[in-house]
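Here chain A shows up in two complexes: once beside chain B, once beside chain C.
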Partner chain A sequence: MNEQRRILLAKTGLDGHWRGPSVVAKALRDGGFEVIMIGMTTVDEIVQAALDEDVDLVGLSIGGHVEVAERAVLALREAGIERPVFAGGVVPPWARKRLEAQGVEVYPPGSQLPDIVAAARRLTGLSAAQ
Partner chain B sequence: MRQFDQQRWLRKKWETLSEIPLRAHYGPEDIPAEHLARLASPPGQAPFLRGAYPEGFRSKPWRIFQLSGFGKPEDENERIKFLLAHGETGFLMEHDRNTADHLFNVDHPEVQARSADVGLTGAVMQSVRDIAICLDGIPIESTYGHAGGAVVQHAPFALAGYWTVAKRRGLDLTRLAGTGQSDYFLTYLGCVTKQQVPTRAGLRLNVDIMEFCNRHLPKWVPISIAGYNGADTGLNAYQELGSVFANAVEYLDEVQRRGSMEMEAAAKAVGGMNFRCCMDIFEEASKLRAARAMWHQLLTQRYGIRNEKVMNLRIHVVTAGSSMAYQQPLNNIARGTLMGLAAVLGGAQSLGVSGYDEALSVPSEHAHQMSVRIQQILQNETNVCGVVDPLGGSYYVEALTADLIGKGWEFFEEIQQRGGFLECLDNGWLHAKAHQNQNADMDAQASGERTIVGVTDFVEDDAPFEVDGFMGVDDSYQVAIERLEELRRTRDAQAAGIALKQVHAACKGSDNVMPAMMAALEADVSLGEIGDVFREVFGDWDTPITA
Partner chain C sequence: MGRLLTLVERSDEATAEVQRHVDVGAPGACILGITGAPGAGKSTLVGALLRHALGAGHRVAVLAVDPSSPFTRGALLGDRVRMSPGGLPAADVFIRSLATRGQEGGLSHAAQTCAAVLAACGWPWIIVETVGAGQVEVDIAATADITVVVLNPGWGDEIQAHKAGMMEIGDIFVINKADRPGLMDTRRHLELLLSSRGADAPDVSIVETVATGGQGIEALWREVMACKAVLFTRAPSLRRRRRLEHLLGDALDAHVAARMQRLLSSEAGAGAVARLDQGSAHLPELVDELVAAMFQPPDGTKPD
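Showing the complex of A and B:
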């Protein structure tokens, strides 16, 4: 399978800091992925975009409470989208545990971009090396 | 996992974080002649390279000034009182980002869709009643306050609310000291909200605030340009300098165009600025010294101002949030101390030290207290307050300061040639500059060129001292909904309606919006109603980025 993998990147909150998702998006694009950035979106909008864009992986940038991200994951599953989800942003350890319990991989501040790109490859069924 | 590596160390490229190459040592030949002239004036005298005041911290220690806020207005009130009790010497009100930045009431569908986020990073303040709760028992006549309103479109509401509370307490506004922010770097560069008035409309609001303060609140710092927000988005030290002054000329040119206030007063009003200090201690201290000299140069050369008393730039510093690590968070206590020291060596007038849990959450009570204690230790135990501009005359620091001034003006000129600061926000040029540096920083970390202890190197799988991140409170949204309902039920609906119409008329016309805003707050007009007026009259900024 050589087709390009597609990743949806969404911000779950109304906090507009964009530094995190923008460096992640660039690294993923440089890593060969197609990245669809939809910015600050509600849970319903994230689900709709994941359906419309038929993505292979969903990335959530979390600048707010973990509960909103948890709801997004649940809503994706309820809509029949079984694609993996990974997340980044200000996710304190207690919130990280909650997301990981839902099967979400969490990349907090300080995560290195090559590790994030490698995770995206693994989560979309590509071999680890580029 | 990377550890210390002798070969890597010996291959290290020595340069500042702005990529200014460094030599192993500096001498007198490295200080340019025109810089020696700046250096010849003592602190407190033009061009203020060496300090804003002749006696420096001896006459007045820097203000301990911490960002604070979360939850309900009473939670924020409690935290502010806690900080003041532990020695904070000014206080800073954070408003809930979801509602305040967007001028939404809490029952707006965008907010309701994320109700759990409400109150996470600031208290919800939808009317003057909420602001009064947040300020309850705080002596604002004697304590320097920051009313919030960091985002441009929010500032008129936040300021009018604070001043209305002061008026109700019978205070004389002409004697009230404090500040807001209304910052372009946050609003249009670093934290681009989902909805925002366009940059031109924002300029009008900011100059209205300046004029209003000039007339009614002469001790208030009406706006504070916050290079911090540009720098923490990615701009390097000299880009921060250049863009801060490119921002300042937008305000000053507009005042000149209107002709409604003296340029000296305008210079004073814009001359309280906010910079970031990150981990490159000498570059950051040099940057603050450079900023003072550049401000003086700008005011004299571009505006012909001669009165020295209005030209000493006063500087607030916040230590870089982005330098605070998620991993091994107690290491951040050392980082906060060092970045704070850079601010002090550069001669800042006030300082906020980021919490050691900055990368995890808003500060816990303990992290907040620690930020105050770090500053008290610097002030009281280190003797750094005894001598003004202790780095002055260092071959290295003077060469670096001169270099930053030169590169800062180059960046300023580039912005001017590209149509000015507002244009460079509208078309995304500044965002692209910041993004370039963001990527370069991440690449340097990944390649081993840049070491962040506990993050890129010296990593531990199990941190021995776990910090879990502050959890806040969970009833902010519900209480805000109840208070909004109560406001609508109990206010004089007719008076609120009339006041809101007057805000609408002022926005549509060319009158200063602040008198109508004051009347609106007095009449219990809510945040979201002001937002609806702004959205209708000013429209929405077409953001150049999607992230």
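Showing the complex of A and C:
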């Protein structure tokens, strides 16, 4: 009953494309997660938020610059945060390979919301069924 | 700090463990509560206050509470979006989003304990932002040293201003979005309300802000500091006792509620429901029996 899972959703792209992360946030909320949204942020702010909020999973919405996402993952690990990271957004296949090499699960456009919620459950150690 | 609050939020046992090791009275800390209707601009105001206070060299922790869904237990905690400290020193700021997790009253039970733990851990300023609140979500006044109620121009009329609840708890009233029409009317209604409080009522100030543009934030912070100065010089021991009394009440509440839940889901609870169902007992006598059972010592002997 007290095993409430918390997810940080951050946008690494410095653009105003909110639709993707907000749709995903709503699906995760309806899946029973506590979703902490932070907007367009720097890598430092993502690390700080992950520490303060003590989340079980970090979701990155990537707006084109895979390098920023890579740096975010590196910075999280350097800060001692070993929680899993998953990512969505416009991620070309070459970028997807680079992120997956860092252990990041990638959900490119066309991914289904139930699959994303199921992934969040699996990555936070919950059983697959809701 | 983040991990510690997770423990506090997760279980009452962990909270009890933490509370054995800290001075929950935290005489040095000032808890500032921010409440008001949904969309009044509480988060934006907290963000602006946070940046102002950090810029002035204060260390500030923020607890931002948003509602949990009663259906899925999920929650969208979006206050942090508006609170970026904007490059100010990260060591001086701590922001934590909390979901209500089924608690009514505008605050999570955990928020009250988290505030006390942050205070005990040496954070001098703790800003607690409640969920968007209407009229009766007044828990915050008991938790906070200073309560700020956020309104907007065009809000209600003088009847609203005289209604009980939220309008009684403000130490400072903020009219946010003050660049919108209706400012003077709202101000007049508030002044009328405050002037009718009687001569011995404490001074309450009204501050106009446009939080998105930062207007009025400096004036608001001045009022907060003035309130704090009064609080900390006038009877600090009384303030400490008030806080301790509230924490004790809250801890008792949580403890009794947990016992009650255990009892209800036990055989005794099911038996009581069955007797109600058969018509062999009435509610009042069952309540007496169950309450007696709740405080029975573990070895089964009944207290005299």
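The definition used in the following text is that the second predicted complex is superposed on the first by the 128 of 130 C-alpha atoms of A that agree within 3 Å, B and C clash if a C-alpha of one lies under 4 Å from a C-alpha of the other, contacts with A are read in each partner's own complex, and residues count from 1 in each chain.
Convention: contacts are C-beta pairs under 8 Å (C-beta built on N, C-alpha and C of every residue); 3 or more make two chains touch, one makes a residue touch a chain.
Given the structure is predicted, the values throughout are model-derived calculations rather than measurements.
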Joint occupancy of chain A by chain B and chain C, clash or fit
fit
Touched partner set for A:92, first chain B, second chain C, both or neither:
first
Quick check on the superposed pair: does A:67 touch chain B, chain C, both, or neither? Answer first, second, both or neither.
first
Once chain A of both complexes is superposed, is A:49 in touch with chain B (first), chain C (second), both, or neither?
second
If you stack the two complexes on chain A, which partner ends up touching A:39: first (chain B), second (chain C), both, or neither?
both
Using only C-alpha centres after the superposition, what angle do chain B and chain C make about chain A, to the nearest 10 degrees?
100
Should A:108 be classified as contacting the first partner (chain B), the second (chain C), both, or neither?
first
Of chain B and chain C, which one touches more of chain A's residues?
B
For A:29 in the superposed arrangement: first (chain B), second (chain C), both or neither?
second
Minimum Cα separation, chain C to chain B, after superposition on A (Å)
5
For chain A, give the residues common to its interface with chain B and its interface with chain C.
25-26, 37-39, 44
Write out the stretch or stretches of chain A touching chain C in their complex.
2, 4, 25-26, 28-39, 41, 44-45, 48-49, 51-54
Per the contact definition, I'd like the list of chain C residues that touch chain A in the complex.
1-3, 5-6, 10-11, 68-69, 72-78, 80-81, 84, 90, 94-97, 99, 101
Footprint of chain A on chain B - complex, ascending
97-98, 101-102, 110-111, 113-114, 116-117, 120-121, 190-194, 232-234, 322, 325-327, 357, 359-361, 434-435, 438-439, 442-443, 445-446, 452, 455-456, 466-471, 545-547
Touching residues of chain A toward chain B in the complex: what are they?
11-19, 21-23, 25-27, 37-40, 42-44, 61, 64-65, 67-68, 90, 92-95, 108-110, 112-114
